[in-house]
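Look at the two complexes coming up: chain A is in both, with chain B in one and chain C in the other.
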Partner chain A sequence: MSEIGRLAVILAFIASCYAVVSIAWGLRTSMAGPLRSGRRAVWVVCGLTLLATVILVQALTSLDFRWRYVAEHTSRDLPMMYRVSSLWAGQEGSLLLWLLILSSYGAAFLWAYRKRLDPFYDAVAMVVAAVMVFFTGLLTFVSSPFRILATAPADGNGLNPLLQDPGMMIHPPILYTGYVGFIIPFAFGIAVLLMNRTGTRWIEEVRRWTLFNWMFLGTGILMGARWAYIELGWGGYWGWDPVENASLMPWLVGTAFLHSVMVEQRRGMLKTWNVALIVLTFELSIFGTFLTRSGVLTSVHSFTESNIGPWFMGFILISSTIAAALILYRKALLESENRLDAVVSREGSFLFNNVLFVALAFATFLGTVFPVVSEAVTGSKISVSAPFFNRVNVPIALALLLLTGAGPVLSWRRATASVLKRNFLIPAFVGLLAAVIGIPLGLHGVYPVLCVFGVAFVASTIVMEFARGIQARKDVSEARGAMSVVSLVQKNKRRYGGYIVHAGMVVIFVGVLGSTVFQKESHGPLRVGEKLAIGPYALTLRGVEEKQVTNAQQTRAVLDVSRGGKSLGQARPAKAMYFKSQQPMTEIALRQTSAEDLYMILGGVNDDGSVSIQAYINPLVSFIWVGGLIMALGTIIALTDRMRLRREEKLGG
Partner chain B sequence: MGSRLRIVLVSLVIVGAIAYLILTGVKQTGLHYMTVTELAQLTRPPAEGGFRLDGRVATGTVRYDQKLPRLSFQMTDGKENIGVVYDGLMPDAFGEGREVVVEGNYSHPARTLNATKLVTKCPSKYEASGLGKDKA
Partner chain C sequence: MIRALALALAVAALAALAAPAWAAPLKDPSRAVTDGIICPCSCGEILTGCTCETGKAMKAYVDREVKGGKSKDQVEAALVSQYGEVILGAPKAQGFNLVVWIAPFVVTVAGFLVASLALVRWTRRRSGAAVSAGAAAHGSESPFRTDPDARLAALRARAEEELRGLRE
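Presenting the complex of A and B:
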């Protein structure tokens, strides 16, 4: 079977090359035949990649240890669902998943535009095919998952215990769906430049694709944070680890793009900037894959150090050079139609939003690669970690939070003093009130107070926008109460979807603030019957139990949990010893409520029979996950708005 | 003042503020990133700033007091050794011979690094070896 898999990938490589050449030829000669043939080749690549993936998954689930990839990442005692997910446990399989998602996007794109006989869309497909050439090439010549061992081992090496978690079943595919999806906006951007495309229709199309990927990327990032929180067992969810940064950077630049593209739609400005942002978002996605998979930077994720690094760097260099050259070549096309009238205006706020988002991405990038940069510049390696990112990124993020409240209610072109007064007087007052209430409750320092102010400020601008909208529709709409909100959102899904996304972000800020400022920690060795007090909680050790699960031996501490003297039942933080890797795995116990998480870690059983327990109270962490859900919901609402697309279709854009 | 000029000025102020944050951030939180040998052979360590060190856990040197908790071990790159003390629970993948990254303050007289952060590189890489060659 491995030969078939290998052959499928080689054929996919050939088909990708064919698609690029055929479409290029068709575009050059304006012949429909080569264009059609090239589009079909993209479908063929998708089919072949699916075949290759099915073959690899089949080998993984049937534990065919003659396959190197299977022997490296599975073992006999591995539960079935993790055999499937070991498809993305290693580099070769991850690349295959990348290609599968990439070619699926290509196919989905062709399907969505199947009725449009416009060579512009063929050019988009050509760019997608060109990127497929790279990935099929990598899988064929550099990093094949279909290698067969000279002698098959009796059992495989097993899957890294960290990856044996239900979250790991879905986190990477969702993250990749976001990452890889930026291919479509990128391909649109390049195609616009190649075809010298005017009009605005494509901008709305790109916006919608980007919104879709952006939602997946954001959700994937939060799922990664949740996985780290539960699985890594250090009490936190975000450590500014290079791989976390790698997923955050394209999200940040993509977010900048989603905002500035509105300025282009509305006012015909910032065109060069927008194309540059699309390109940058895509390059950062590729860079993210490179960081995760090349092991150039040390992180808990860099379990694969390999030979693909130079290929990725080469790809990034070549593709961004081509993009930059095209932008310069098509300068006339990207000429701005308007000029910025005032600083205090919608455009102005979008501009600053962009400066801040890109700065945030830049600071994150710089911090991530700082050892490399400092060695090149000064000759000595300097490394930065979490304190640097907190110092630099927190104030920028807070400035963005304030803009979230200000931007949407500023008018286009120029905001007058009366508009400012009407829109900001109450929110500013609410913000101040919240800060004043917050300070005696234990808020110390400028940033936490500013954050509380910002959260209340933004939340009240959003509430006011909804209230105003409902008020304005009172005469035309029958709906009352909660239904009036629904009917308002339905009327302008794009706008109110956006507000809901902002509301979700505000909720996330609340969660981050609560869990960083008010976190409590306590630890100690406990004997049976002894108590560990933390905040209002008391943990009483009842005993230690051993339990065997499928592929590991668990040691669990049994704790009676009580809060303010009231019993809340038992918790069982554990250490699992995986038979295969002989590596202990901390399995935390978590008691979640909307107000706070009680996070319990078993350090281990000591020689004298006592048990080391570490506990955290992480307030408001659940807000982070809920905020993510609200953001995804808002994005879906905004995505279902097809009004703008239809209008621009009518205009013949 | 023209609005264009004003926008440029405001943007410059923002960019300047961020540049300031980055520069002071590096100055105040930057860590000297070294190998064990480089650190061990320093005659005079830099006056300020913490260190980040890559290396392996030397065999037979791990002491772990789980009750405190405090973990101490010698870190090696094959030539030199540096002592590391870390006040915290032992990470899951930690063990003798494992590759680790530590960050913290260095005491030159004691040749000991007081780590505030300890990351163990996942061992799957060298576990994966031992499978032998591919079939021709």
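Presenting the complex of A and C:
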């Protein structure tokens, strides 16, 4: 079977090359045949990649240890679901998943635009095919998952214990769907430049694709944070790890694009800037893939270090050079009128919002790569980790939070003094009130106080926008109460979907603020019967038990948990020794409520028989996950707006 | 406005360099040290959250030193002399490493300056175009001042354009 898999990838490489050449030939000669043939080749790549993936998954689930990839990433004691997820646990398999999602995007794109006979869409398909050439080439010549060992081992090496978590079943595919999906906006941008295309229709198409990918990337990032919270066992969810940063950067630049694209749609401005943002978002996605595989930076996520880093760097250099050259070459195409009525306007606020998003991405990029740069320049090693990012990124993020409230309530074109007064007075008052109330409740420092002000300010502007919308529709809509909100959102899904996304972001800020500023910690060695107090909780050690699970031996501390003297049952934080890797892994015990998480870690059993227990109270962590859901909901609402417009277009003939 | 923005960002940069920023007021002085230290094993995690054996031993060392009366700076200096600057979670703002602290704020300030200048320029261009259009139609005076019909027509055209934007 490995030969069939390998052959499928080789044929996919040939088909990708053919698609690029055929479509390019068709575009040059305006012949329909080569264009049609090239489009079909993209479908063929998708089919062949799916075949190769199915073959590899079959080998993984049947534990065929003749395959090198299977022997390296699975073992006989590995539960079935992790055998499947080991498809993306190693470099070769994760590259195949990349290609599968990439070619699926290519096929989805062709399906979505199957009725459009415009050669512009062929040019988009050609760019997608060109990127497929790179990935099929890597899988064919550099990093094949279909290699066979001379002698099959009796058992495999097993899966990295950190990856043996249910979240790993969905986190990487969701993250990849976001990452890889930025190929479509990138391909649109390049196709516009290649085809010298004028008009703004393409920008609406790109906005929708970007929104879709942005939602998946954001959801994937939060799922990764949740995985880190549960699996890494250090009490937090975001450590500014290089690989976490790599996923954040394209999300930030993509967010900047989603705002500035509105200025282009409304005013025909910022065309060059928008194309540059599209290109940068895609390049940062590839950079993220490079970081996880190159091994140039230390990261808890770098499971797949290898020598393919230079290939990715080469691809980034070539593709970004081509894009930059095209932008310069088509400068005239991207020229805008660039006229504004007033500086204080929504357009102005979006421009500043873009500066802050890009600055945040830049600060994250610089901090991520600086250890390598500094070592190259000074010769000495340094670390750039959470203490740096918390100092540099937090003020920029807070400025963005304030703009999140200000931007949407500024009018397009010109915000008059009366508009400013009407829209800002109450939110500013509510923000100040919240900050003043927060200080005696334990808020210390400039940033937490600013954050509370910002959260209350933004929340007030959103509530006011909804209230005004409902009030304005009172005479024409019969809906009352909660239904009036639904009716309002349905009437302008794009606008109110955006507000819901902002509301989700506010909820996330509340969660970050609560879990960071009000976190409580307690630790100590406990003997049986002794108590560890943390806030209103008391943890009493009842004993230590050993338990064998499928592929690991667990040592568990049995803790009686009580709150204010009332028993809440038992918790069992553990250390698991995986048979294959012989690495001790932390298995936390978590007691979650909407208000706070009680997070318990077993440090280990000491020589004197005592047990090291570490516990945290992380207030409002659940807000982070709920905020993510709200953001995803808002994005889905905004995405469905197009469907209404299409229906209206059809009805209108 | 531009000066005010530059000043605000300069203050933010200084605050970032000077303040412990986001962290909670720490009751545990050991944590003030471990929050800024990287575990010396290969995990690359902040010492506070590291649960490996090396991390545990180092946390115990920090605890002993702090309880023994050493300050945060003294404990950090001792660790740097043993492991090198790589042990610090953030590089000291000196020498070449100053770049990483300053550059994000320089970029932000530069971005704000460029955006502000562009906005001012684009606004002037707009008002210049309106004035010249008025001059062409009605001599030297703007039509918006002299001709109510012209003003109404201009407002209607603008309303149409904005409604079109809302429909799209």
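Descriptive notes on the structure:
Following the convention adopted for this analysis, the second predicted complex is superposed on the first by the 631 of 653 C-alpha atoms of A that agree within 3 Å, B and C clash if a C-alpha of one lies under 4 Å from a C-alpha of the other, contacts with A are read in each partner's own complex, and residues count from 1 in each chain.
Heads up, the rule we're going with is that a contact is a pair of C-beta atoms (placed from the backbone, for glycine too) under 8 Å apart; a residue touches a chain by one contact, two chains touch by 3 or more.
All figures in this text were calculated on a predicted structure; none of them were measured in a lab.
When both complexes are overlaid on chain A, chain B and chain C end up clashing with each other. By the touch criterion stated above, A:Asp341 is placed in contact with chain B and with chain C alike. Look at A:Val446: by the touch rule set out above, it reaches chain C but stays clear of chain B. Shared-chain residue A:Gly235: touches chain C; no touch with chain B.
After overlaying the two complexes on the shared chain, residue contacts for A:Glu204 are found with chain C alone; chain B is out of touch.
Look at A:Glu72: by the touch rule set out above, it reaches chain B but stays clear of chain C. Of the two partner chains placed around the shared chain by superposition, chain B is the only one that A:Leu149 touches, whereas chain C remains out of contact.
Legend: residue contacts after superposition of the two complexes on their common chain; A:Ser581 is shown touching chain B, with no touch to chain C. Of the two partner chains, both chain B and chain C are touched by A:Ser385. By the document's definition of touching, of the two partners only chain B reaches A:Asn157; chain C does not.
Among the listed stretches 19-27, 109-117, 127-135 or 145-153 of chain C, only 109-117 clashes with chain B once the two complexes are superposed. Shared interface residues of chain A, touching chain B in one complex and chain C in the other, are 233, 298-300, 339-343, 348, 351-352, 355-356, 359, 363, 366, 370, 374, 380-385, 387-388, 391-392, 395-396, 586, 601, 603-604, 612, 614. Interface of chain A with chain B (complex): residues 68, 71-72, 147-151, 153, 157, 160-162, 233, 298-305, 339-343, 348, 351-352, 355-356, 359, 363, 366, 370-371, 374, 380-385, 387-388, 391-392, 395-396, 523-525, 581, 583-586, 601, 603-604, 606, 610, 612, 614.
Those residues of chain B that touch chain A in the shared complex are 3-4, 6-7, 10-11, 14-15, 18, 21-22, 24-26, 28-34, 52, 54, 66-67, 69, 89-90, 92-93, 95, 101, 103, 117, 119-125, 127-128, 131-136. Interface residues of chain A, counted against chain C in their complex, comprise 204, 232-236, 239, 241, 265-266, 269, 298-300, 338-343, 348, 351-352, 354-356, 358-359, 362-363, 366-367, 370, 374, 377-378, 380-388, 390-396, 399, 412-413, 444-448, 516-519, 521, 586, 601, 603-604, 612, 614. Residues 1, 12, 15-17, 19-25, 28, 31, 35-36, 38, 42-46, 48-51, 56, 84-91, 95-97, 99-101, 103-105, 107-108, 111-112, 114-116, 118-123, 125-126, 129, 162, 165, 168 of chain C touch chain A in their complex.
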